[in-house]
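In what follows, chain A forms one complex with chain B and a second complex with chain C.
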Partner chain A sequence: MKLGFLRTTAVCLAAALALSACGKSEPKVEAAGPAVRRVTEAQYRNVIADLFGSNIVVVGRFDPLLRNNGLSSTGAWDAKITPTGVEQFERMARAIADQIVSPTNRDVLIPCAPADATKADDACAKQFFAKTGRMLLRHPLPPEQIQVTVDLANKAATTFNDFYRGMSVGLASLLVSPSFLYVIDTVENDKNGIPQLNAYAKAARLSFLLWNSTPDDALLTAAEKGELNTKAGVKKQVERLVASPRLESGVRAFFGDMLGLDEFEAIEKDTIIYPTFSLAVAHDAKEQALRTISNLLLTERGDYRDLFTTRKTYISGPLGRVYQVPVPRPDGGWAPYEFPADDPRSGIVTQIAFAAQYSHPGRSSPTIRGKAIREALLCQKVPDPPGNVDFSQFNASDGTNKTTREKLAEHRANPTCAGCHKITDPIGLALEKIDGVGQLRQTENNAPIDTSGDLDGVAYQDAIGLGKALHDNPAVPTCVVSRMYAYATGRAPGASGDKDLVKYFGESFVGDGYRIPDLMKRIALSDAFLAVSAPKSKAATPTSASAAPGSKEESKS
Partner chain B sequence: MSVLLPRKPSRRGILRGTLGGLSASVALPFLDIFLDSTGKAEAATGAPLPVRFGTWFWGLGHTPGYGVTEKATTAPGIEFLDQAKALKPWAKDISYFSGFNMPLDGRSNYTHITGWVGIATGTAPATITEIPSTTLDLMIADRISAGTRFQTIDCNACNQPGENYTARSTTSLSAAEISPVALYARLFGPDFVDPNKADFKPDPSVMLRNSALSVVSEQSKQFIGTLGAADTARLDEYFTSVRQLEKQLALQLEKPPANEACRVPGRPGAEPDIKNNGMEVEVVRATHGIMAKMLAMAAACNQTKIINMVYSDHHSHLHRAGESFNHHNLTHEEPANSHLGYQPETYWFGQQAMEALAEYISAFASIKEGDGTLLDNSLIFAYSESSNARIHSLDGVPIMFVGKAGGKAKPNMHVMGKGDPITRVGLTAMQIMGLPIDAWGTQSLHTSKSISEVMA
Partner chain C sequence: MEPAGGLVFYGILSCGIMRLTTKLGIILTLRCNSGARYLARSDLSSGSRIFARAVVTAALLLAVCGPTQSAEKPSKTLGFVITTWDTAIVETQFGDECPEGFATGNDELWWRGLPKQDRARLTDNGKRGFSERFGIATNRGPNKENVCLNPTVVVDPPHKIVEGATSFGMNMDGTTDGKTTPKSCQHQKFTGVDGTPAVDNQMYRLLGCTYGWHFYGQYQDNANVNRKTTGFGINIIEVTGVDDPRNDPDVTVNWYHAVDQYALNAQGDFTPFASYRIETREGKSPYGAPAKGKIVDGVLETQAADMTLPFYGNYTWMDQKYRDLKLRLKISPDGKSAKGMAAAYYDVDQLMYYITGLGVVSYSAQSNCPSLYVAAHQLADGYPDPKTGECTALSAAYNFDAVAAFAIHPDAAATKQADAGPIKRVLTALGIGE
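Let's look at the complex of A and B:
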């Protein structure tokens, strides 16, 4: 029943995509109100690296974001910042600011020198905070805000007899500003009285979607000149952003989120069972997946679906030990690598990142892998197991269940479990010759491993066949479009207007040859992406919405 | 009152005005006598010794029938069985709650999640990610945490910072400390003011940090009326968090009262191998043990009154070195030993958890405070998320109170819930901690009946 449903859905989607009409106009959707989204950890790190250089170290822990609808970045659209979060941000801000004003970096990062380094210097401080504040807060700072920051820096400089220490204090205050930690939409009315994002808010939306970072000087300048209030101006900037090498940051951020790679480096494997696994492997496995994606989708401008069949990747020394292949670079560095034609691995789901992420610490898991493919790559929800299921009935005490396949066959024969296991296990079992960290194996408990299965009616014999089935499955492109839309707008496609819009993007994606940069560009250039409505309700009584600590005390003071 | 609205001048403002006098030390007398003659109050302030609250969480409960001997009715005395034998020496400090249930009113049992969310918030979640309301530790924190540096300190001993079972809402999540070294730096690093040091001089850099936060707080005015109500509330919470940090820093500018119980611990040496094996039981136990001592001393040094410790996550991903099944997998897939009558590997994990709890209790009990111990002035709310993890049962999820809460709690009771809503236990904890609350929970978890047998 479930399989039939999925198959029917897939066929319908395929038909819809095949019938796509080029040149169809963008469906109208109701604009959302102004958004307030917390910068994600990746965005925070990118902004610091982009503005001050990658040698500035960011150390700290970020409040977690709620992962919903297959993405954690969408959690930023609702995320609050807790007292612990502010404490962490303040600590990070001080450490970053100290590095920026350090003797090593100050000559490069501070555009002027004080007349006397033991005293406050109003002019130099003003110059620095005007320039840096504009980049950090994504809009020119009003003179009074610059002056407040300068005053703070001067006060600190006088206290410590150290101009640079003062600059550090002032800079830290910008780094904990709500306008830095949150990307806050500002709404204004256009000449017809219709609400629109102001030009700086548009700049931020564009840069965080395409670069996963703050607008650069050119984008802010375009905003200043009012160019982002015209379609031609937006188009010019979007084309510039898409053509930039920094698009890679945007692509990596999206796929890192969609594939759940953001937490990958915290993954744990039992090093007795898997002695080849290490922190270096975890780090490099994530990097390998992202390099594979970047190379195919950006460098080669390839078809997104080829991610599931490509043999081209990159390899490092630590990964070579897990894959058990000779690495091209003896120094352990990265090098392009192509799995040979007779290698049973092809496509991203056969790489270490996927194999290890969706396994237990000491063994593989066809069910977890199958569920991950259904949910992350096909956007299909696999129900949670019933609360009262008793798994012990599947355990034969006489040792007859030799392989995971045999054990899972009993799950699929059980009416309570079959509904889910029938849609997960045939996918995951295709990957069973890849163990819990990505190493190849041929047997399990001395029994040969059978990797045959099917995906929505398409049969295959092994992982390569699964990759081809994914490549040809119409839900695969539909899913990535849906996720990209949610990633860009914070809205999971649900309302009818959204559905039509996502379908429109899906049809365009097909027409564009399944190219991700083109999809990102289409979304960025859509009317919907930069549309906004007036705030839903003014915050006349903001106290009602928060039971935050201290509010009561504050009201008493 | 919203922090987005203008406020009256605060202490911070006054401090800002004193920056010119930074070089003058604040001469406060060092007190030779720490406590008054009763042994129950601080001589420095005359205030009663503070009462601390904490949660201690472990995933997957007990092996049914091997934690405690159940009773027919509520009565003094707890008979811990083999799996929980480590708690036997502490039985007189514990109240144990059996047989309280969690009716779901038709909502799903989101396995391993519904249990902790229901116990901590009084409401069964409607979705797998929902935190329906503020968790009880934060409700208590709002009541008692004034005057301490940290409103709460949250730790996770199994290398999962996101597994932190304290929140104000679904979207207000914070990360737990997972590293003993980082925890030490936060608690006893440069920002710590030793209450027993004779000389005290406010740190000018702290004053300037506070000034920087004041500048940030002033920005709240920019957003009044520019956003929808929900986003205004979110920014409101952010500014409240900033205010919390300002208060934290302001405390560092005051000479704290002398504190006999406070003995600054040494910096931890080499950290357990969290990065490679942070969920391996030996590493978890080592991490937990180091953190327990640090947390107890943080409470004694009045750095916080609320401590949350997650020993193992709600799914318990803990594993033994060299074993391919983790604790959670074992509960579902390990065959019961026909001679023993239970799943032996699963049993072992539960036993380890109770040994860890005993170690945690010991850390609090080892600190003398007044005429008793820190444990006497604490209430530790130890709980799990299921009573029978193999089938995800929510009937009879184990909960314990540990400590006397400064004389407000009456330990050594085994309370039999007889199917009553489990929220009775949380309501009781909040009342013991002084919350003016007479009912708690929603739908079938709503209750106005606290448990008088454990209240002094």
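Let's look at the complex of A and C:
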């Protein structure tokens, strides 16, 4: 009887919670003006792989994006391309185009063959550029623009007496087009005269958020049919994109950005101190973190907070040497792995990627790790250290302070330093049994390591305790919601009305059981995500936007 | 209506024997079977049943509240990949172990036997070096036979052997004086480098005065480099049933062949804790053999076992047979590395096969097959031929370095499937048969 009562009560509570979450309407926010954002390196690579196959090699350097508000992708919203960057894009475009038209790939990637391979072929070129241009530039190319590209290809084919070289030149011109390199918000007025993103801009926004790549044919077709101008049409497409395995690309891109993993491969370690660390370890460590995330959040549809306590991960040969665990496939493959119950590791912050990235080249750093957790996972700002820090006490080599904890005590005792060190060090010290590249250790300079600490009043004894404290910290889910919103819209939460909207998404996230795909879906379906205000200056109005994608004027540019 | 205690009681009784340790340290052993269950249910008087239920329920409660069953700690497995493998040679500072100097190589013997005009003719007036005249020098039999393949067609000066008294090695024949036993022939004993009396190492006596077998001599060094760069002939030692990695009286040791290349770190050194898949054929390792052992203060020693181990070195691949192989492995306190010595009997024929196959490498090593062949047979001290009584194997010792590693055994089910053969695999896929 008691059980029955409890069950009924639980069901009622759940229903009430669900109703409260569902019943709340989305707060209105002031729509931002149309934006232009550069495709990120990952997006560029994904687009090429998605359209032409992963065997097409993309070699080149991309201008770095400015990281702000904890994300580098938000830097794409006002990224410029430097003259060097233009050169790089052109070089990459030529190399990619050459590979696509190469004898190995042309039969698969070019849907037609010329009547004579030594001459230009208008019909075949037109067919190819119409199809490929639509996918690359994310909207159907107007006939004039197709003709401009075909003329260019024909001219080159005639010059070189080679149809395929002509095709390469034409294709390269599309790959350096601003409409390819930038995702441009094109604005039009709806039937009520209210500004809205045009359907192709909506398609691109949805696709880059959920798949981190260009819209597929079905999404562009939905845009063509005007389906993305209705809520039902958008819902149908969002559900399709979220249900697709390609959602993994979107999830990996977001977490790669949020955790700063994109910068991981450039990490440097002193190989005298850490001989096990190598480029292979660096590469695999990043991949391990992303596989852990994908597995928990997508394959298992798990609770985001479990990322800080999960023992399940994936392992490769190089990582096995650092973790000192057996690897089923040391030849380079990946295998699922679960750290045993008595292992001091659990959660993503105990993995090599986090431990190594947030350390010095030759030693661990509780301060850097604590700062990273505060900033990346809790969305709290830790001020930069003052320029006149006296490191002499910290680095004293008289042997009095053997462990980093003892050394950092000096900082925490100094009023100038204490403010920040008190909020970073107790977090990072919990990870001190994991060295600067992620290896376990019990002592430091032959002194036992004390890993006790506390996070916002929750005390723990070790890294596992820290993981549990993070799991239960309300700032953790709030932070990921806030970051996801900024990642999706390019807007830092804090703008007018955004706080309420983020709070709304946060409450929905809780109601959805902290499921990341559900959060992404909610954001993608929100009014705010696809909203746009009218361009502020006349020059940028839809009617005069000469380079607006899909416009006739674009072909002349 | 059956009380809860009774239900638990019946459930537990069906388990056979159960050992429960209570918080107070009381050990209750319940021995029961289905018959006992029947008895408890039907044949006991009501009062007895209540009493029995009360006892068992109390025991269960105590057990649940206390530290439950005295579960045994799972044993550990240690693994080491061998990184260098050298025939154990003692070298004194001034070569006192070789009072008559180093052995004479084939090229020198050939050179000595040539008239001056032939030396000029066969070496293009002395311009052809060792490696270029290797073919001519080796085919110095009376009918141009290769003297390595036919070591008895010439009679060369006796091979120079070790005359020192100290050697690496272990006591292989069980004697203190090297007298003949059913398993060994009369030979001279050494004193171990650590002072151990009566160690056997006729391999050292044979090869210790040949330049190529010394440290940085061609044979040893080149073979180690070959293995490091090719990944061939990598051996793994696995120690199972380890309760304490520093002291354990009963462990099992096996040797395996690794099919993965060495894991090297950024400095080019061997990385500890790398994983290596082991070679199997039809689900079994074709190499090694289990041997019982013990660990005392971090030193592992095994009993003797016959086994075949893979070998690669000096561009030669061999399955090498070792008889009565015993292992002594000193494990570093941090468990990351180990230094070992293996002692065994090694067949003379196998040794000659290897030396013959060395080809041009033997020049810089100052090796001569006919002399070695004769001396090897004279020095052989193990495994007498039942017909002739002549010993066929040399006692030997090998020093090696190792780093911690994981031996990855193939998944049993996958191996079974892979080894099942195409027809069985198809039948299995169709759900017919196992």
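Please note the rule applied: the second predicted complex is superposed on the first by the 509 of 557 C-alpha atoms of A that agree within 3 Å, B and C clash if a C-alpha of one lies under 4 Å from a C-alpha of the other, contacts with A are read in each partner's own complex, and residues count from 1 in each chain.
Quick note on the criterion: contacts are C-beta pairs under 8 Å (C-beta built on N, C-alpha and C of every residue); 3 or more make two chains touch, one makes a residue touch a chain.
All values reported here derive from a predicted model rather than from experimental measurement.
With chain A as the common reference, the superposed partners chain B and chain C fit together side by side.
Of the two partner chains, neither chain B nor chain C is touched by A:306. Judged by the touch definition given at the top, the superposed model places A:454 against neither chain B nor chain C. Judged by the touch definition given at the top, the superposed model places A:328 against chain C, while chain B stays out of reach. When the two complexes are overlaid, the chain among chain B and chain C that reaches more residues of chain A is B. In the overlay built on the shared chain, the residue A:472 is in contact with neither chain B nor chain C. Within the superposed three-chain model, A:278 lies in touch with chain B and with chain C [touch as defined at top].
In the overlay built on the shared chain, the residue A:320 is in contact with chain C alone; chain B does not reach it. Legend: residue contacts after superposition of the two complexes on their common chain; A:360 is shown touching chain B, with no touch to chain C. Superposition on the common chain A brings chain B within a closest Cα-Cα distance of 8 Å of chain C.
Of the residues of chain A, those at positions 271-272, 278 touch chain B in one of the two structures and chain C in the other.
Here chain C touches chain A in the complex through residues 260, 263, 265-267, 269, 271-277, 404, 406, 408, 411, going by the rule given at the top. Put simply, chain B touches chain A in their complex at residues 1-5, 7-8, 10, 19, 22, 108-111, 128-129, 134, 138, 141-142, 145-146, 151-152, 154, 159-162, 164, 168-175, 177, 182, 204-205, 208-209, 211-213, 215-216, 218-220, 222-245, 247-248, 275-280, 317, 319, 321-326, 329, 332-336, 390-393. Those residues of chain A that touch chain C in the shared complex are 271-272, 275-278, 317-318, 320-321, 324-328, 330-331.
Interface of chain A with chain B (complex): residues 33-36, 61-68, 75, 78-88, 90, 94, 148-149, 152, 155-156, 159-160, 169-170, 172-173, 176-179, 181-182, 184, 186-187, 266, 268, 270-273, 278-279, 360-363, 384-385, 387-392, 394-395, 397, 436, 535-539, 542-555, 557.
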